[in-house]
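Scrolling down, you'll hit the structures one after another.
After this come two complexes, each holding chain A, first together with chain B and then together with chain C.
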Partner chain A sequence: MEVSGVKIVLDHLTVGYPFWSLAAKGVFSPGIHLISGDVGSGKSTLALMMAGLRAPDNGTVIREGITRTMLSFQFPEFHVTGLSVADECASWNLDLDAVILSAGIDADEETPVLSLSRGELKRLHLTCVLFLDYDLLLLDEPFSSLDCPGKEQVCRQISERSGGITVIFTHEQSIFPRIDHIWEIAGGELVDCGDMPGAVVRWQHAPPLVKKLMRAGRIPHAVTPEGIREAACRTRG
Partner chain B sequence: MISFENVRYRRLFIDTLTIAPGVTSIIGPNGSGKSTFLKICAGIAEPDCGTVLVDGRSPRETEIGYVNEFPDRNILFSTVKDELASPLRFRRTVCRETDRAVCTCGEMMGITRLLDRNMQDLSGGEKILVAIAAACISRPRVLILDECDSHLDADRCAWLDTILRASGAEYVIRCTQQMEAAANGDHLIFIEKGRVMHAGTPAAVFPLLAGTPFYPLSWRYPV
Partner chain C sequence: MQDPRIRLLCAFMLSLAAFASVTGALAVVIWWLVFTPRWHSIRHRHVILATLVLFGIVAGVMTLTGSDGLSYLVRMIAILLVGTWVYAESAAGDFLSVGTWCLGTRIGFEAGMIAGMAMQMAAGLSDDFCRIRMATQQKGQPWGIRSIVPAGRVLIHDALRRADETAEVLAIRGYRNGGTICPHFPTTVRDVVAGICAAVALLLVYIPVSEFFIHYR
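Up next is the complex of A and B:
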């Protein structure tokens, strides 16, 4: 992958509707970024702007060295282009058997894509997305509808990404991949919580278990299952 | 009680199952038949054989509120206000009473600020909040929610638990992938490959899932 030097800069973005607004500035370097925020805070709109699919009202999104961008929408049904699972895999130019095996879904080449359960459809979609390399990978709510083993598998795949910028927009509360940098949307602004592990103490949207651990003086060094286990089992804060 | 006897439908095989009043969480792997189970409970699908009864009556003879796992599949009308009013208008409730109920329900559900907006302008989480409100507005006896919490933040998930308790529904049946939420319910059913593998209270069922990803994190690591 040719990803060294890639960067995305949010240069004083603003976007406003009669009912809400969002202001964002910051620099996204290679690594895995997490953006959390309440329902309706503008996470998906920010993802669209970072992908170049929606223009901000003011400000600019500067993409340096980024030639391959992927935005995975919150709703996997938005990505469906084929009638069957075989058609869908072909639309990604991927091997059907490899995708079905990796996704772990009960389907064959003739299975209609929209007959899959929502969780299976999400597995199929994310498997196709994560089979390929990008300079900028934007994942809008990648964990919604996945079962717990599915979340763990996707987290492993994301954690193993070795280059490029990955941005996860989510309000997942339990299972996370390796996270390098945390951001959150609060009060209509994108707030930079910083790099891990220091970011976790500034993270207002931290999951309940992480908050509980911090109240007990056990600040997790990572929010992965391993990081949570280490903090929970730590005998000294 | 909601009772299942010798139910066969697609991948579901349920010999005998009873669900007591309260909040019941349905958990299990993707594609195991959870949504199909909910559709049968709601009367949206009828089993090929066997019976499902809600206190002795067919689901289709019971007042039921249902929220689909695909947010856009819940939407019938263009504005939030019309969407929320629709269950009452379909039953020809007088306009003044409907308007009052929409305001009251909007306040209770914390979505008053959304009432004048278009459905298609809402975020995924907001669409689900409106769908839950529309399912609750006619105060159904049975409330069925298919993975609604996968679109909600932590505060909204906690709030949803409170709302479900306050909805007045005698039976709340929810499919979820949030094990912490499932641990807070009254009953828990684990479905795998179309079969009910475990059923009981969370305290009885979760220990049977220890060592699997379905065991709640907060139980795994008590702080």
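Up next is the complex of A and C:
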């Protein structure tokens, strides 16, 4: 996949509704970005604008070198176009057995795709998306509807991504994949917390456990379960 | 229009008038021009346009098969205008308030609540349809007439799932049937005049007015 020179620039975006507004500016370079924020803070709207599926009220989104974009919606049903699991995998041009094995769902080729539970469908959809290469991959609430093992599996799949820009929009507070850069929406504005590990210090929406570790002077180098465990077990020198 | 009781009554009477005859439909269009914000009351213009195209196709088929397609088209456009106006002017809780006021705290409350939920779901369906179109196009699949069936399948599936979830939530909260609400309806003079005019439009269609003048002729 050609990813050199790929970047996305938010040039003074603003979008407003009667009861809230959002302003965003910043540059997203290749790597895994986390955008955290409360429910209703405008994460999904920002994702739509970054994907080019919604125009901002003001400002522009500049996509440099991006030819393949995917916005994974919070509700996986929106992406379903096939009748069966086999049809659905075929619609993504993917091998059925490889997808079922990786998603870890109890289904066969004839299983109606909409008969899967929301969690199973989410895992199937995310597996399909993460099997493919995109210059810009936007994941809107990828952990919703998933149990802890499901979240861990998706985190592993996301962490394995080596190219392109991956942006995770979430209010998740427990399990994270490898993150290179943290942003958060606070007070109607997209705030750049910076690259990891320094970003975690400026991260207002940091999970309670991370905040507790920081108060104890143990700043995690990563927000993955392994990174947090390492910080918790770190011996003070 | 401020008063939801008069609004819903107007919608009922105007729909009957428009459906009855072309004369009634024209009376409804005149009423719509006088008493509504006209084009400003039309939301989701793409959906309305698509519906008009559908009506046009049906009218065309009717004309080709010897029926009065033009009459059908005019009447359906009038009903569509009334429907879009009611949809645009409705606020959350209107149906619940009117249902309870009209039919009481058991049947009225239930009917109003169901109608309110249906309206809420209709608003969500439009957004969901947009998202499905975006998701399909991102997959690299062309969006066209063939996409309607899979999109509809997802919309129906989601609507049934949400209905199930809502029923479960109501049951968990101990809801059995009926309920109490004390609605306040702000009525303006314009509302009353609009209501009277809607009633007149309906009467003109169903009462053979020419019979009154038969002796004169």
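Rule of thumb we're sticking to: the second predicted complex is superposed on the first by the 236 of 237 C-alpha atoms of A that agree within 3 Å, B and C clash if a C-alpha of one lies under 4 Å from a C-alpha of the other, contacts with A are read in each partner's own complex, and residues count from 1 in each chain.
Please note the rule applied: a residue touches a chain if its C-beta (ideal position, glycine included) is under 8 Å from a C-beta of that chain, and two chains touch if they have at least 3 such contacts.
From a predicted model like this one, the values you see are computed outputs, not experimental measurements.
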Chain C versus chain B on the shared chain A, clash or fit after superposition: clash
First (chain B), second (chain C), both or neither touched by A:167: neither
Per-residue contact with chain A, leading partner among chain C and chain B: B
Contacts of A:152 with chain B and chain C, given as first, second, both or neither: first
Partner chain in contact with A:77 - chain B first, chain C second, else both or neither: both
Chain B versus chain C as contact partner of A:232, first or second or both or neither: first
Contacts of A:116 with chain B and chain C, given as first, second, both or neither: first
Partner chain in contact with A:13 - chain B first, chain C second, else both or neither: neither
Chain C-contacting residues of chain A that also contact chain B: 75, 77
Contacting residues of chain A [partner chain B, same complex]: 17, 19, 36-40, 43-44, 74-75, 77, 105-106, 116-120, 122-123, 141, 143-152, 171, 173-175, 205, 207-209, 212-213, 215-216, 218, 225, 228-229, 232-233
Residues of chain C that touch chain A when the two form their complex: 128, 131-132, 134-136, 138-139, 141, 147, 150, 153-154, 157-158
Partner chain A, residues of chain B touching it in the complex: 28-31, 34-35, 69-72, 113-114, 117, 121-126, 129, 147, 150-157, 177-180, 212-214, 217-218, 220-223
List of chain A residues in touch with chain C within their complex: 51, 53, 69-71, 73, 75, 77-82, 91-92, 114
